[in-house]
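Residue numbering begins at 1 within each chain, and the chains themselves are lettered A, B, C and D in the order written.
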Amino acid sequence: MAAILDAKGLNKSFGAVTAASDINAAIEQDSVVGLIGTNGAGKTTFINMITGYLKPDRGRIHYEGRDITDLAPRDITRIGICRSFQIPQLYSSLTAYENMLMGLGVVMRNAGVGGFFSRGRPNVPGHGRPAEEVADAILERFGLVEYRDKNAQVLPGGVRKLLDIALTMAAKPKILLLDEPTSGVSAEEKFVIMEMIMKAVRAEGATVLFVEHDMEVVSRFAQRVLAFYDGRIIADGSPDTVLSDREVKRFVVGGELHRLDEKQGAANA
Amino acid sequence: MTSDRTPRILGAILVVLLAAGPFVPQWAIFLITIALAKGLVVLGLLILLRCGLVSFGQALYYCIGAYTAGMLGRLFEVDGVLTLMLAGMVVAAVTAYVLGFLLARYRGIFFGLLSLAVSMILYGLLVKSETLGSSDGFNVLPSTLFGIRPADEWVRYAVLVVASVVAFVAALLVHRYLKTPLGSLAPAIKDNEIRVEYMGASARYAIHVNYVIAAALAGLGGGLAATTVGHIDPEMAYWTTSGEFIFITILAGTGSVIAPFLGALIFGIIQTVAFDISPNTWQMVLGGALLAVIVFLPTGLWSLFRRRRAT
Amino acid sequence: MQGIRKLIASAAALLCVPALAIAQDAPIKIGVVSFLSGPAAGPFGVPARNAAEIMFEMINAGKVPAPYATKGLGGAKMQMSLVDESGGTTTQVTEFRNLVQRDNVDLVIGYISSGSCLGIAPVAEELKKLTVFFDCGTPRIFEERDYKYVFRTASTATMDSVGAALYVKDLKPNAKMIAGVNQNYAWGQDSWGDFELAMQQIIPGIKVATSQMPKLFAGQYNAEISTLLSSKADVIHSSFWDGDLEAFILQAGPRGLFKRSTVILTTGETAMYKLAAKIPDGVVIGARGPYGPYAPDNELNKWFSATFEDRYGVPPNYAAYQMAQAILGTKAAWEKAQAANGGKRPSQDQVIAAFENLTFVSPAGEVKMTNGKGHQAITGTAYGVTKKVGGKMTIDKIKRYPAEKVNPPDGVKAADWIKSGFKK
Amino acid sequence: MQELVAVVIDGIIYSAWLFIAAVGLTLIYGVMKIINVTHGSFYALGAYAAASITGALLAHGMPPMLSYAVLLGSALLVAIVVGPLIERGILRFMYVKDEVVILLITYALFLILEDVIKLIWGVDPYYISEPYGLLGSFDVADLTYPTYNLILVGVAIVCGAGLAWTLTKTRTGKLLVAVIHDTEVSRAMGINVDRFYVVTFTFGSLLAAIGGAFTAPTVSVVPGLGVEVIVLSFAVVVIGGLGSLPGAALGAVIVGLVRSATIHYLPQAELFVIYFVMAMVLAFRPRGLFSIAEARKI
């Protein structure tokens, strides 16, 4: 199958710190890709470059054959590449439900639906239902019904994480980049939550890239794994091959304990 | 889902104003009309405030609206009150469209201070324009409605009718706009601009649009104030005028499109009472009132009504 | 809330009580508007208010010397409604309407700022309410249109500039170069504009070295003073007032500006006593008319300045004189109208008819309401230079200019009159 | 050439005045993130206190040379009495609110203080011109300047250098920088943030009061004195970058020199030159010349 997303020769440095050096990755449609690596290895920088938050110093990114390297985040989102965040980015003064409506509103506006002169409650493009119904449906799929009318800022951390991901569903993404979807969640719950997320996301038919530190989770959900170290991809392949790679064992899986927090500031900025 | 009562309340207020107008004393009509003019400006600030932006220079557009109305009368003897107001609105909106390319990039205090600087430059230009009466300004021609000048004792009522209808339409349109996907984006921009971008919307574009709308409303208010007061001067662009509008915005709260007009009216009453009961220390009364509202009614006077409705 | 109660009460009053015939001795309610806050309060607003308080009290008690010895206005007591002039034109128009339509005042006396006057005049006309401006200077009011209900009992600012120019000619006939430092707003711009024009007529060929226009209330004038010092102008004109004037004197004095050039301070009178120690001899002082040190030596003036100084501890400045003048002018017009009305309380139209072209005396001498179709006063003016006698500030070399010499004839715009060489 | 010298001297004197008037604003913003409109009130209070206290003492036969100390003492008195009163009495309950709402609270306080000043001192002007003339004058390029202007420059340098030294060299200053950087973390680390807020607010107010006190001898102290200073100091501080000490200094120097040059060469433009500079700087450096780096967002 042809690659839906193709990153070629991406380089990015912040002053003396190299956050990405010669990153090459072609992502196939409908695949689920796990991104592993220590903090500061370049995973988030990779996501930030794909979604337009950072411009690579060198290299190009193509999506469905189109060069998206120089597009702004909102334009990249509009063509179907969505992301979630390590630290959930929510509208903290709004309820979970209102957060969803906000996302759906943007989708409607981008499609020219529900403008100033429209009447009644138009359907959200792609969802075939009015925004109010879609919002409830997505909340339900992510198990957030009980938090529907709570302000986002008072929600527990794990719920915020879920809502952050649920928000990306408004735009019906073709590619979804999840930045540490299970961070801050206890080991037992990780599987439950990943199960729910993957089910909800895959139901929409999205290609998924996710960052994860727990190797069990990675091997359970990823079809392919990219291992990052020091701004480079040091291994790329099926979970079994990558996780048994010697370098990966040394720098990623083992290094997990030692390298925590190092270089984090610069590389993530 | 509760049904939207705002249009009906607005309609009821309009009917009450129009019906009661002939029985209200003239000075009170004037007070109400000025409150409506200021309320229009504050309505614009409400839209911006919902985006988390406070313009310390909204008087710029108020003044542009007023001077446009005044100059049309002075230079071309245009005296149709609606024409004057609409002209003020258009000139303000066009100016805001141009300036918006710069200002929509700014947030927080920097947005406020840059808009302040721009309004002060206009103030300086007007004070330097001796043909426009410099700081003394000039008188605005008495205006007409569809070519008719009502009899003296009905002039104030006629102006009130025009002001009420214009304010009603403006409030209704803004109310509707705030429910559109673009208009409803405001709290999202205030809360989290990164998320707005990653939902596929441009915060800068939304702010630019809102900025133009706010300016148009301020221009409309300025045009109305000019024809109502009958005199305009550069002080309309001075930072203290902007400060007064922000004062009213906070006083009113952003809960509803009705709040700005209510806030402006209450501000007018507080001010005139303060002038009346303590001519020597009215600033203290005004400052105390503002402080009390912020402390006891954190979401503005509007919260009084909301609470009552909930019970 | 008192405001709302008041609102309801006055609404009810307006609806239920038709205008009854007013009793002969019912008090006359007079709105008095003056700066009570902000920078103009100290030098003008409060002295004017003080003058109003004294005049109201004394007139009501019948203690003013002739020809104003009768009590009140034709026997009816005067009652004051005081309003602050701050807050901008919109606020002032609102408050004016409140005075007229809510408080039902019989007339309004007030306004120091020209902006207020320009804004209020058409409203007074619309509301058909007799309004007497006591201080504001812009000649535009009666140049731009005619008014029936509006009067001004003080001369326009044109007089100050023309008088200053005439005095320069008398004091320094060989002056070659002039310079100015004026506040950058209408008052400063007009004052300088008129002065420059008048100088060119009076001493043809005179040059302008520099015209400094600092922002109103700038407060720091070192750079301006430097340019004025370097300009080597023979004469420096300034219409600064209050805080700005005083700061300018304080900063310019030690730098020797007053020694290098002859400085004209057209409103210098308000600062003259307070800053006596800082003003050297030979500075030209104006009082915007024959007020204060230039007031004539008559009974009325002796009584007024003594009563004022007795009560407030300082001599009345020109703003106080102007307020007294406005009140006395109103009293003169009112009583003339009452006499014509067979001793009965006059109607507003009768008062206006009596006010038009009235000549009356004030502590400053004779005031003639000849301009603006009988609505604008002209008075003479005077200038002089400071001279300390035994540490006390006095004015020397006083030159008086009659009203007709420093004011345009009726119907001629100030600028045209000056440009025509004071003819037409 | 001679004129250029005058431009520079006039500019520096004005810059010094601006810096003293504005630096407290940037300090308070830097630490507390408050745009403090009462800054103008403290300036006016300082001027009134200095004028009335110094005047009274001189009238009672105080040696005139002591008046400089009295100016400073008056400013201290104002700051120590009123500063903590406002911060502890009102502002500290407001920190949870929006930046703009806090600005409005200070605006309301400013309105109230304007009338309080009027109630205490009335509307008549106060003078205390003795300190201005006491030190004589010096001549440069055919122009005479009172030596007092050098004191103004000195006070500006002492304020700036003292503040810089406190922030970088003392323990308190270093802790303060930590508070500036991240209030929450500082609180978690056990720093008594509340105390820093009182101290900062009082100290910022002191700087404003010093500005007023040392300006008092050169002007007449009248109602509304503080209003002009507010917008002017905002402009200076914004040009330099809110919360930045070197920024405030650079902003003051730029505004001072530009204004002085304008007065000498293009006097008609004096009215808007400051706002023009402010708009230009913001247009090209949206956060001012020295802006504090923003924290990471994603």
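Everything that follows uses one rule, which is that contacts are C-beta pairs under 8 Å (C-beta built on N, C-alpha and C of every residue); 3 or more make two chains touch, one makes a residue touch a chain.
The shown structure was predicted, so the numbers you read here are calculated from the model rather than taken from an experiment.
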Chains shared as neighbours by chain A and chain D? B
Most centrally placed chain - per-chain CA mean versus overall CA mean: B
So which one's got more C-beta contacts, C-D or B-D? C-D
Quick one: point me to the chain whose Cα centre is farthest from that of chain A. C
State, to the nearest whole Å, the distance from the C-alpha centre of chain C to the C-alpha centre of chain D. 36
Where the centres are mean C-alpha positions, what is the separation of chain B from chain D, in Å? 33
Computed distance of Cα centres, chain B from chain A, in Å: 43
Just curious, how far off is chain C from chain A if you go by their C-alpha centres, in Å? 74
Each of the following residues of chain A touches two or more other chains, namely 89
I need the residues of chain C touching at least two other chains; which ones are they? 36-37, 184
Going by residue number, chain D touches two or more other chains at 114-115, 118, 268, 271, 298
Under the touch definition given earlier, write down the residues of chain C that touch chain B in their complex. 1-4, 6-7, 10-11, 14-15, 36-37, 82-84, 87-91, 93-95, 97-98, 100-102, 114-115, 118-119, 121-123, 126-127, 138, 140, 144, 184-187, 189-190, 193, 216
Of all residues in chain D, those that touch chain C in their complex: 2-3, 6-7, 9-11, 13-14, 17, 114-115, 118, 123-125, 127, 129, 132-133, 137, 142-146, 149, 215, 217-220, 222-225, 227-228, 259-260, 263-264, 267-268, 270-271
Considering only the defined contacts, which chain B positions touch chain A in the complex? 1, 176-177, 180-182, 184-185, 187-188, 190-192, 194-202
Touching chain B in the complex: which residues of chain D? 35, 90, 93-94, 97, 99-101, 104-105, 107-112, 114-116, 118-119, 231, 234-235, 238, 242, 268, 271-272, 275-276, 278-279, 282-283, 286-287, 297-298
Residues of chain B touching chain C in the complex: 23-28, 30-31, 34, 127-128, 130, 133-139, 152, 155, 225, 229-233, 235-236, 240-241, 268-273, 275-277, 279-280, 282-283
